[in-house]
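Both complexes below contain chain A, partnered by chain B and then by chain C.
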Partner chain A sequence: MARRVLGPGQKRVSAGGVAADTVTVLWFVFALFPIVWMFLLSLKNNVQQTSTYFGFTPTWTNYLTVLGSKGEQLTSVDFKSAVLTSVLACAGATAVSLVVGIPAAYAAGRWKYKGSESLMFQMLSFRFAPELMVIVPLFVIYHYLHLFDTTVGLIWVLQLVTMPLVVWILRSYFQDLSPELEQAALLDGYTRVRAFFTVALPLVRPGIAAAALLAFIFAWNNYIFPLILTDSNATTVTVAVTKFLGGGGQAYYNLTAAAALLGVLPPLVLALCIQRYLVRGLSFGAVKS
Partner chain B sequence: MSALSDETAAPPSVPAWRRGIRPYLLSIPALAVVVGILYPFLSGAWYSLLDYSAGNTHVKSVWFANFADVLGDPGLWRSVGVTIEYALLATVVETVLGVGVALLLNRSTLIGRVLEKVLILPLMVAPVIAATMWKLMFDTNFGILNHVLGLGHTYNWLSKDHALFSAVLVDVWVYTPFVAVLVLAGIRSLPREPFEASDVDGASWWYMFRRLMLPMMYPYILVAVIFRLMDCLKIFDIIYALTAGGPGTVTTTLQINAFEDSIIHFDYSRGSTYMFLLWVLVFVAARFLVGVLTKAQKRAAGTEG
Partner chain C sequence: MASLTLDGITKSYGKTRALTELSLTVADGEFFVILGPSGAGKTTTLKSVAGLEPIDAGTVHIGGTDMTGVEPYRRNVAMAFESYALYPQRTVFDNLASPLRSGRTGTYTAEQQQKRIGEVTDTLGISHLLQRFPRELSNGQRQRVALGRVLVRPAGAYLLDEPLSHLDAKLRAAMRAELKQLGAMSSTTTLYVTHDYQEALALGDRIAVLRAGRVVQVGTAAEIWSRPVDTFVARALGQPEMTLLSATVHDGRIRTADGAVDVAAPTGLPRGDVLLGLRPRAVGLGHRDDALTVDGTVRLAERLGRLVELTVRSGDTDVVAVVESAAAPAEDSTVTLSVPTGEVHVFVGDRRWGSLAGKEDHDA
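Presenting the complex of A and B:
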């Protein structure tokens, strides 16, 4: 067996290397095939969706159908307005989490104070709490407060997704920041608030961007909250996509595929933008890339 | 870790007591949101002590009758079994594959570097959409999988015998990149000297992997495993979109079961009881996780070791 050093940047041409390359490629075929296949399926017409596998005449009409009124008739869901709701709710939830979470993350990253660890733990436990435990009471409360099936209601409940992410990621960034920088600013006569805004905040900007985009992505990908806490007014994209498959009568595989791709596109694009900071965000600051 | 020593940090004009409450003031908004979430959460725990359902107008406390009822129900234990089977299976497969993919990509060949750019794509697909996509591919008559794998029109991926494995397959597709990116980042942060030294000493690849890399990667793998395990215990969206718990009850996990009780049958108390039991399970695991995470975070921040 060929010996090789496992450190980064090591290359060696050998039988083992070729085998490893083959396995790598096989993995990526498995990982990417479903997305490629959805794209192909989304380009087929109603006849070819069930009659052919790879040979077909591509057409864009499925995307127009999904976004248009015909898709709405089939699924009783207006996909365009679902996209709008998703954007508003996820951006809103992320914004609230940032405004509220940045000070808390700064406090937890800078000082050790009584209760800070339990606040952080409480945040994290939300991330791992079974969603239905909260949804069932909210289902009752939302009807009472008229928040059921509203974007505001979604923003509230999505804090469960976005808040822990923002606070934990940014705490790790603030911990990384040398306190001497702020001390220098304070000695120069800056107030603490000004030191925070002019020194600390700009330095953690990559962290804020990563946390915000990840929060948006995970809020976008959430399903169980909008499934139960919204109806036709504030349906989100994830819920809308599943409706294409659920409709009785004829199955619209091609429309489902088109809707799925439309729903998947925003997170994919955003994720590629923050790839460098992704690992740290995904691990809540535990693993640095 | 008290990062700022207060004597030098704060101007003398700020009295000590104000410096003391500063972190609390900063945490108030977050605390308010926590309370906003905690309230329904505690209501949920309270519901599990009531006989609350949509049809019941005289809600009264029944203390632990729900727990006795639910714990004596074979349906609960069935779904506990399904949940644990799903969680263990998915976590083990994802960890093994994820570590494998990370090792492959760590070779940094040209192919690897190109493909690494798209490694996280499946992870960014909403699990429910992933399940929908796979459901199209699983289709017995028109699905691509039976065609490509040469299984004809007879193999039913979502039948009684295969449904759970198919759901795990979707989970593996979505979340293996999660393990892989974490472990890959971990491997790359390891010091290179020990590996070079053992290479010079003529150690085999397997020996180096077992004796050097695995122990050094352990914290990263552990973080990934715990995240996966705890997410799997409350799995809902993949299964709901794929099988909705069926056929029969072969894929009915705890959250699917609670969903049926409280949302479909409007028995809020029964559903809450299920969730309370699951929450206890997750809470214990979360306590453990925080210790591991905090330690790993400190290591990442360079304040320890």
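Presenting the complex of A and C:
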């Protein structure tokens, strides 16, 4: 029985491998299809937007309309200012979450005390309580505090989304870090604060990058809070996108699709920029494994 | 330079007792070794001195000052961790410079730092690694860098947690010999933790043997070797371990149940059960005067270079002897072993009573 000799670069093809590849490809087609569909939809004109055929006359007009440079219809939606508000609010929320969350995560990762686990769980519970549950009292409070329809108000409420995320992700990073590294710094003559800044903090940089990115995306995607707590001054991208569906008049699915695709870009760009900091394994070789 | 006094230190992790009423006094400039199996509380003792672990009870004095509860960076002690604890994001040079740059170990110009680090790395044989990162080093090299980070600075006391454990055997022997001759080490109080009895005997001005968070015995190497306070200390030192034969004192004779040993009891030895301890190197071949003799068959002869380790079956027990290979009998041959009475340790109720030559009093 002659065995086939494989040349360089050739691999033995197995039936299982082929099946696995096929399933993977099918899965990707399935998962990516909505985005493809949205992209096609965003290129259709107002007449063809409801047709399900792939044959149509593509046009960039929808994108120009959304960005406001071609004011045919629905100019009342200021998409560019919504993007700016979203960027400010999400960046602000992420920044505040990091400034407060990093020390909190460090403390939670290093010290156990009575009730520390309950505290962490309570913080996480903000995440799985439905937002609608707190939205009515928040709405009233925001009116009293004059935070309604302001960027500051948005930053504040988006903390509910980003803070638990930052604390929980970074806590596990700090826990993975050997406490003996900071102990060594203490014996080198550094105070606990300096040991934290010079030893612990640089080593969790990948974790900070990951947490910041996720926090930004979660805040960016949030819909309910800006929908209820803002009006025209501090509208975010998520809310602005839905306004193209029209309130009673014609629904512009093509404009909605174009706006949604444009709205994905900022977090996508951020993810690409931050990617190189997401490398793990920086602390390899620090301590005996 | 400073003396260390630990008084009644008790420490628990949750429900696990790590240290119980531990008291030690280390003189200024002394090289003091803590020896014990893993889990005995050796590292916890070091961390208590360093202030890295809060203690439940007791006091720590460094240089006569009560340092209990004082922050680690105010204690002026340096420690080499068993896990090395090197800063992974910094080069070897920056790791070594870290204690010099903190401002609490003195003020150093860049030149002085360079000089100190140069001296230490030359001694430790790691001067070619200065620009490398810890991840690029072998475990042995990392361990030497960790040791260097201690030696590079002046300190009231050096705390070394198994600093040679990851070196290969040859390097370990060489470093062991060098360690005590290092200038800094010879003048600075050093608390050295190890589970290797040879390191303890070779390095320690004095040795404390720890078991389950308690000090079992403190003494010089000679004292601990020749007069172990109980069977735990006796067996902790020496490879192969001391052979222990259980026997009964009756009518002025000490006998084992199988009759292999039958020897006159020293005066004053109470009746009842005793343990006879024989160090393998003290066991010789052939008859001797004033000695305990045992007849048996050689069950196993293992060559250890110049010496041969014999396992001799006598009655129901094995006696281990280490003899010169020239004189070593073959396996399955019948031999007579003898141990001078002064070197047969007699334990009563696990505590050392003395030797077959008579009772001895312990200071510890």
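Throughout what follows, the second predicted complex is superposed on the first by the 230 of 289 C-alpha atoms of A that agree within 3 Å, B and C clash if a C-alpha of one lies under 4 Å from a C-alpha of the other, contacts with A are read in each partner's own complex, and residues count from 1 in each chain.
Definition applied: a contact is a pair of C-beta atoms (placed from the backbone, for glycine too) under 8 Å apart; a residue touches a chain by one contact, two chains touch by 3 or more.
Every value quoted in this text rests on a predicted model; they were computed, and no experiment measured them.
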Contacts of A:Leu186 with chain B and chain C, given as first, second, both or neither: both
Chain B or chain C, by number of chain A residues touched: B
Chain B versus chain C as contact partner of A:Val152, first or second or both or neither: neither
Touching partner for A:Leu203 - first (chain B), second (chain C), both, neither: second
Residues of chain A contacting chain B in one complex and chain C in the other: 183, 186-187, 189, 191-192, 282-288
For the chain A and chain C complex, residues of the former touching the latter: 178, 180-181, 183-192, 194, 199, 202-203, 282-288
Partner chain A, residues of chain C touching it in the complex: 47, 50-52, 71-73, 77-79, 81-89, 98-99, 102-105, 133-137, 139, 142, 149, 153, 166
Complex interface listing, chain A residues touching chain B: 1, 3-11, 17, 20-21, 23-25, 27-28, 30-32, 34-35, 37-38, 41, 49-50, 53, 96, 99-101, 103-104, 106-113, 115-116, 119-126, 128-141, 156, 159-160, 163, 167, 172, 175-176, 179, 182-183, 186-187, 189, 191-192, 217, 220-224, 227-228, 238, 241-242, 245, 253, 256-257, 260, 263-264, 267-268, 270-272, 275, 278-280, 282-289
